[in-house]
Every structure is written in structure tokens, then in C-alpha cells.
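Each of the next two complexes has chain A plus one more chain, namely chain B in the first and chain C in the second.
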Partner chain A sequence: MKLSALGLDALAEIFNHGVGQAGLALSELAGEEVQLSVPKIEELSKRAITDQMDARGANRVCAVRQGFSGVINTEALLMFPVDQSLQLVQLMVGNEFPLEQLSEMEQESLAEVGNILLNSVVSSVADMLHIEFEGTLPQVELGLAGDVMGAGEGLDDLILSLQINFSIASRQLQGYLVFLLDVASSEMLEKKIATFIESMA
Partner chain B sequence: MKKKLLIVDDSSVSRMMIRGRVTGLQPDWEVIEAANGDQAVAMVGAEHPDYITMDVNMPGMSGFEAVEKIREIDQKTKIVILTANIQVSSRERAEQLAVHFVQKPATLAAVQLAIDYFLAAA
Partner chain C sequence: MSAEAITGGIASGVPVWLDWVLSNTPSGLVLLDAQARVVFANKWFLSRAKVRLLDMSGHDVLDVFPVLRGGHFERVLHRAIRSGFPALLSQTLHPSPFPLYAPNGGRGNESLLKQSIHIVPMGPSDTAEAGQRFTLIQISDVSPTVARERLLKAQADRMSGLVNVDALTGIGNRRFFDESMVAEVRAASRGGSSLGLLMLDVDQFKQFNDLYGHPAGDACLKAVAGVLRSVCRRPRDLVARYGGEELVAILPDTDEVGSIRVAREVLQKTRDLGIEHTGNFGRGVVTLSAGVCVGSAHTQDSPASLISRADQALYAAKNAGRDRVFCFDISRQVAVPV
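This part shows the complex of A and B:
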């Protein structure tokens, strides 16, 4: 994807709105304010993302994967360091449920957190670009960041990466949102962004 | 007579959260669960719930398809779509089906919104 500076800026604005929605959902879950960084949008290779996560000591990640199809097809991944997964589970269900019940439901809790966050972002993108997405069920994966992103295929291919940091007074969480787009979808996204910019003019 | 709520959600965590909150707010209600649309349709025929919370994105039949099937056999049960899919198109679909829309997460406030709708006069 070859977006102009203006196009990248528009995309950042669209995602910023979506991340705001996701932040609202997180704060509703946590029952306290969530601090969100401005999303950093870059076209990066899977290798570069893996290297960044490695540098943060988060080479092993927990990921929630969800496919979204429509005029644009994307595979969205929410990735976070594996040692933060229990914090996310606690965030999801709160303190009102017993710990033994939580561990049994860890995967499902993570899937549901991912479902809520990814859908918040993707729904916002859909509404702002006037498109519609159909989502698959969220899948939880655990492993090296590169493996989770399918690094075996096209390690140096550029993909759309959206990095957000979020923190809550009681917890420090850091996450990556990654959107994998095929060539046709990248071209369509460029067109939709151009239309979005025109409508703003 | 005791009111009966059917929670339809493929996520057992979501069902647990909704059940926990409903039970706290309406301790007299009977709460039953279905993990997909097919089960939900079958349970409506057998259990005749008064109220339903319905997820959208589930394996097999979607929540919206399940609502359409339910309406073929039952026009009275009050239904709330409770979903993370908050696209405008999703809200519009709920409106077309004349069901209420509440967005996830299933917090106490969200569950209260669903209950308010259930208890509002028809």
C-alpha cells in the first residue's frame, strides 16, 4: 500500500476514533479511566514488528485473531506480551468471579476481550469509510510474534501496523493491533481513504 | 409468575458475566442459556422465555438469523441484541427486526439497559 502523507494522516484519524471506542469499552470493563496513546500507524514488515516486540522483551505473545470480510478483507490481530494475559482476563471479568473459574476460562476471556477491542476499531473504520464488515469468530493463539503473524510467508512484506499503548492505574498493558491486508484490499482501502478525504474537503 | 431470561452467546465467559449481573439485579428471574442460534431457536420452542439477550457473531447461524427464526414461532418475547459488533449496519439490522440494541462489553450498566428495555411497558 502506498499512502500519501495526507492519506496516512486520514487513516490515523479514522483509527484514532476506533481506538477511542476501544478505550471506552476497556474503561467500562475496568471500571476506571484508561490512558491510551495516540495510535502509531506504520507500514512495517512482519520482521520489523517482531523485532520491535523482541526489543521490548515480548517475543512470546498472546494474540487474538479475527478475520473481517467485505469490500476490504483483513485479518486483524491483537497481540500483547504473554505475561499480560492474566491481567487482561481479570480486566474482563473483574474480581467478582473465583480464580479457579478464571483459569478454566482464560482462553475464552481473552477471545472475548479481543472480540470487543477488535470490533470497536473495525466498526469505527467501517462506519467512517461507509463500508460493512462481516467478522469471523475470534481465535486465541500463543507463540512467537513472528509465528503468530505467519512470518514464514513474506517476512519482509509490508503490512499495516497500528500500535497502541494503554495503561490503567492498576495495570500496565501494552498492545499491538495489526491488520493484514491482501493487495486487492490495500488498493480498495486507498480508494476509500481518498473518498473519505474528498468528503472532508 | 417467575420471568425467564434466555442468554444466547457462544462465549461461556460472556454468558457467565451476563448471568451474574442479571441474577444480582433480578434475583427472582430464571436464567437459561444457549451457546448458538440453533440451540436458541429450539429453547424458545421448548422453554418459552419472556426475554432474550442475543449475541450476533456465533458459529453457524448468526444472532440476526436466529431472531428471524424465533419470530417465526414467537412474536412476543422481548429480544435485546447484545454484541461487540457496533457497526451502523448492525444497529440498523436490529432496528429492522424491531429488537433492542445494546453494545458489549456486558458490564452492569449494559445489562441494566437490557433489563430496562425488558421491563418497559410494551
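This part shows the complex of A and C:
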């Protein structure tokens, strides 16, 4: 998949809408303002994403995975470096700092946060591009970024990657949202975006 | 599954084995129609909610359980029904949304079940087939997991407390001091504040042990540590045993004048204990020597350099006759009596 600058702009608008909705829902959940922003949308290879994570010394990630299917099939992954996932849970739950790794119940709360974000973003895509999706429940995974994304296959294929910044209680946290798409789904997404851009013109 | 099979409820059109399966599922199942009205609830749910299907059936789930109204459950449910995407309510963020109680317990808060809730609306194709969007609410009782994690956390907290405590004196140990020193030096340089460090040593402690025995030596160290703790009692003050008969205090946001005052008070109160020590050069009681060093934001001190200066000041105090306070003068790079 290779999106035009115009296509990426259109997606940025759609994603920002979804992320804005998620921010409102998360603020309600946390009982204080949670601001979300998408500073960057890119098409990157899995290799480039793992390299970026490695460069930050954060190759181990905690990820929330949800599958969405329909005319477009995608696995959406919200990935956080492990230390960021601990901080995010601590800020959302508002109690003492978790142990070195998230406990089962803390993982579930991360799944809830991820679920709100992923559902909002995909809802926004569904509404604006007129696509129907079926969704799965979220699942939390821990591991190397490459393994979580299913490296080994198509390490150099381009995938859609969003950097997501969380701002809670004046702390800044950063996660990555990636959409793994097969070839047919990539082509369909390009088509849907083209139609969307035409309808805007 | 056809629309009739679903809307017909459990009484008609459903095979006996399906009824049996639903009755024996070890989690709560509640099925809602597109208007959030209860179509079905399984035995697990009914026995813990202490309601009958008859009284729920056909009613909006928020009317059956008014406590759910206006809360997260309502918002998440409506979002799920609207979007068709599954959602979850985690126990950590919403401990017990439904009024569900242990089957053999009362209705007190202590028997309220800790719940993990999945809200699964039908996707587009099933919705089309069923004629409307049904939503399944699945509730798991995670009370045992929550209790287990709580126990684990409490033990971890207790262990980390023990790891940092000096077994004899009950104040912080060397490890606690080393870790705190790094954190406090960083905090002081970030906040542009000064940081006082005291190093204290019991005078002629070897002679004390030789004269009175090790059990008395231990009691003496305990008493001196108690004095140090009672003087350094501000919330961020940290006291620890550095090793042997050497004690330390970290005093955040404290300048030279303040640190010297604290050191003098510790020395005076130790003399006031009046612990007999005939081997202490005619003083007759246990005394301390102290070295003070104060780091400031612009001197960019490392923990090691602060410790080394306080140590130099302590040795200068010892060499000058003991039972006194010396302070390291940074501008002259020398320990001076105060």
C-alpha cells in the first residue's frame, strides 16, 4: 500500500476525530482530563517500527489487539513500551505503582483503555468511509514488538502506523497504533479513501 | 440462529441441551434486544442477582438494575449497541457494576462480587439475519483473582519494606541510603534546592564493645539511631545506618545553617542519653562525631562526591578530638569546625 499525501491527510482527519472521541470517553473513565493526539501518521514497515522502538530502548511492548473484519480485514494493535503501559495503568487506576509487570487485573484495565481507543478510531473510519466492520474483544499481549506484530512475515511490507500521545495529569505517554492489513484490504482501503476524497471535493 | 429461536426465549423452540448448557455455564449471561430490554438471563446470573427471569424479561436492563443508570455501564452499553463493537468493563476500573452477591452470602458489601464484564453486540451480518441487534452481556466473577492479587501486592510491599530496613536499628539500611541518595540528589538538582547530608560516628565504639560487651553495643546503636530518627522527623528526612557504628541522614531542602543545627541537636541529645562509656576519653558517656556537607543545585554534585565530603568532615571532627561537628566548606575545599 502506498497512500498519497492527500490520502494520508484524509486518514489523519478521520483518525483525529476518532481519537478525540476516545479522549472524551477516557476522561470520563479517569475522572480527569485525558488528552489524546495523533502527531504522526505514516506508512512504515514492521522493521522500521521495531527499529524505532529499539532506539527508544523499549523493544518489549504491552499491546492491546482487536480484529476487525468486513470488506476490509485488519488486526489493530495498540502498543506501548512496557514502562509506559505501567504508567498509563497507574494514572488511569490512580493507585500505587504496579509491580514490574502488569497483573492480570491491571492487564484487563489496559485492555479496557485500548478497547475504547480502538473502537472509537475504527468507528470513525466506519462512519466516514461507509464500511461495516465486525469487531472482536480486546486481548492483551506482552512481548517483543516484532513478535507482537507477527514479524517473520512481510517484515518490509508497509503498514499503517499512528503515533498516539496521551496526556494525563500533566504526564506525557506515547503509544503506537498499527493496522495490519492484507493486500486485498489495503487495496480496498485505498479505494474507499479515494471515494471519500472525491465526495469531499 | 433464526430470529424466532432467539426472541422466543428459553421456554420454546430451544433444544433441551442448549437450556442445560446455558444453565451450567459458570458465568453470567444476559441477552438484550436492540432497545436494551432483557430477553434472557442464565441461572448463574439470576441466582447471584437474586431476581427471577420473569421479573426481568421485557424490561430495560437499566430499569431492572437502577444502580447502573448514569454510570459507565450505561455509556459503554449504548456505545456498543450503536457501534456494534464489543467492549469490556474491567474490574480494576469498575469493581462491581451489577448488584451480584455470592450465592451463599448476604447482601452486604463484603459479598458483592468483583466483576469483569464483556458487552458483545451482534455484528452487521448477524444483526441482519436476526432482524435487530441483540447484545450479550457476559459477567465473570473475578473475586478470587482480586483477592489473590491483593495478597501478592501486600506481600511485595512488605518485602520491599524489609529489604530497606536495617535489622538491628530499625532505620534504613545501606541499600536504602544508596538508592535514596541517587533520587534525592536528582530531585535537588531538578528543583534547584539544597540537600544536606550528615555522617555520624559513635566515638570510641570499639572500646565500648570491649568494655561492655556486644549486646550493650547493639543497645547503644539502637538508642543512638532512635535519637537520630527523633531529630530528623520532617516528612522527607531520611535516616539510615551506613555501616558498623556509622549513621547517616539525608536532609532535603536544607541549607548549611539548618544541617549544622540538626547535627548539633543529634550530638546533644546523644550526650543527654547518658549511656555510660568510661573508655571515651574522660567524657564518661557515649558521644558522637559528625560531618556535614551541603550540596546546592549549581555545584552539580554527584551522590559519591557529597558522601566523600561529608566523610572528610567526619574524619576531621574525629581528628580534632571527637564529640563535635565539622562542615565541608565547598569554596575552600576543606572541612572546618563549626
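As a convention for this text, the second predicted complex is superposed on the first by the 175 of 201 C-alpha atoms of A that agree within 3 Å, B and C clash if a C-alpha of one lies under 4 Å from a C-alpha of the other, contacts with A are read in each partner's own complex, and residues count from 1 in each chain.
Operating definition for what follows: contacts are C-beta pairs under 8 Å (C-beta built on N, C-alpha and C of every residue); 3 or more make two chains touch, one makes a residue touch a chain.
This one's a predicted model, so the numbers in the text were calculated from it and none came from an experiment.
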item: Touching partner for A:112 - first (chain B), second (chain C), both, neither; value: both
item: First (chain B), second (chain C), both or neither touched by A:123; value: both
item: Which of chain B and chain C A:92 touches, first, second, both or neither; value: both
item: First (chain B), second (chain C), both or neither touched by A:132; value: both
item: Chain B versus chain C as contact partner of A:28, first or second or both or neither; value: both
item: Chain B and chain C footprints on chain A, overlapping residues; value: 25, 28-29, 92-93, 96, 105, 108-109, 111-112, 115-116, 119, 122-123, 126, 132-133, 135-137
item: Chain A contact footprint on chain C (complex, rising order); value: 72, 75, 79, 83-93, 116, 118, 120, 123-125, 142, 145-146, 149, 152-153, 156-157
item: Contacting residues of chain A [partner chain B, same complex]; value: 21, 25, 28-29, 92-93, 96-97, 101, 105, 108-109, 111-112, 115-116, 119-120, 122-123, 126-127, 132-133, 135-137
item: Contact set on chain A toward chain C in their complex; value: 25, 28-29, 70, 89, 92-93, 96, 99, 103-106, 108-109, 111-112, 115-116, 119, 122-123, 126, 132-138
item: Interface residues, chain B side, partner chain A - complex; value: 10-14, 16-17, 20, 57-59, 84-90, 104-105, 107, 109-110
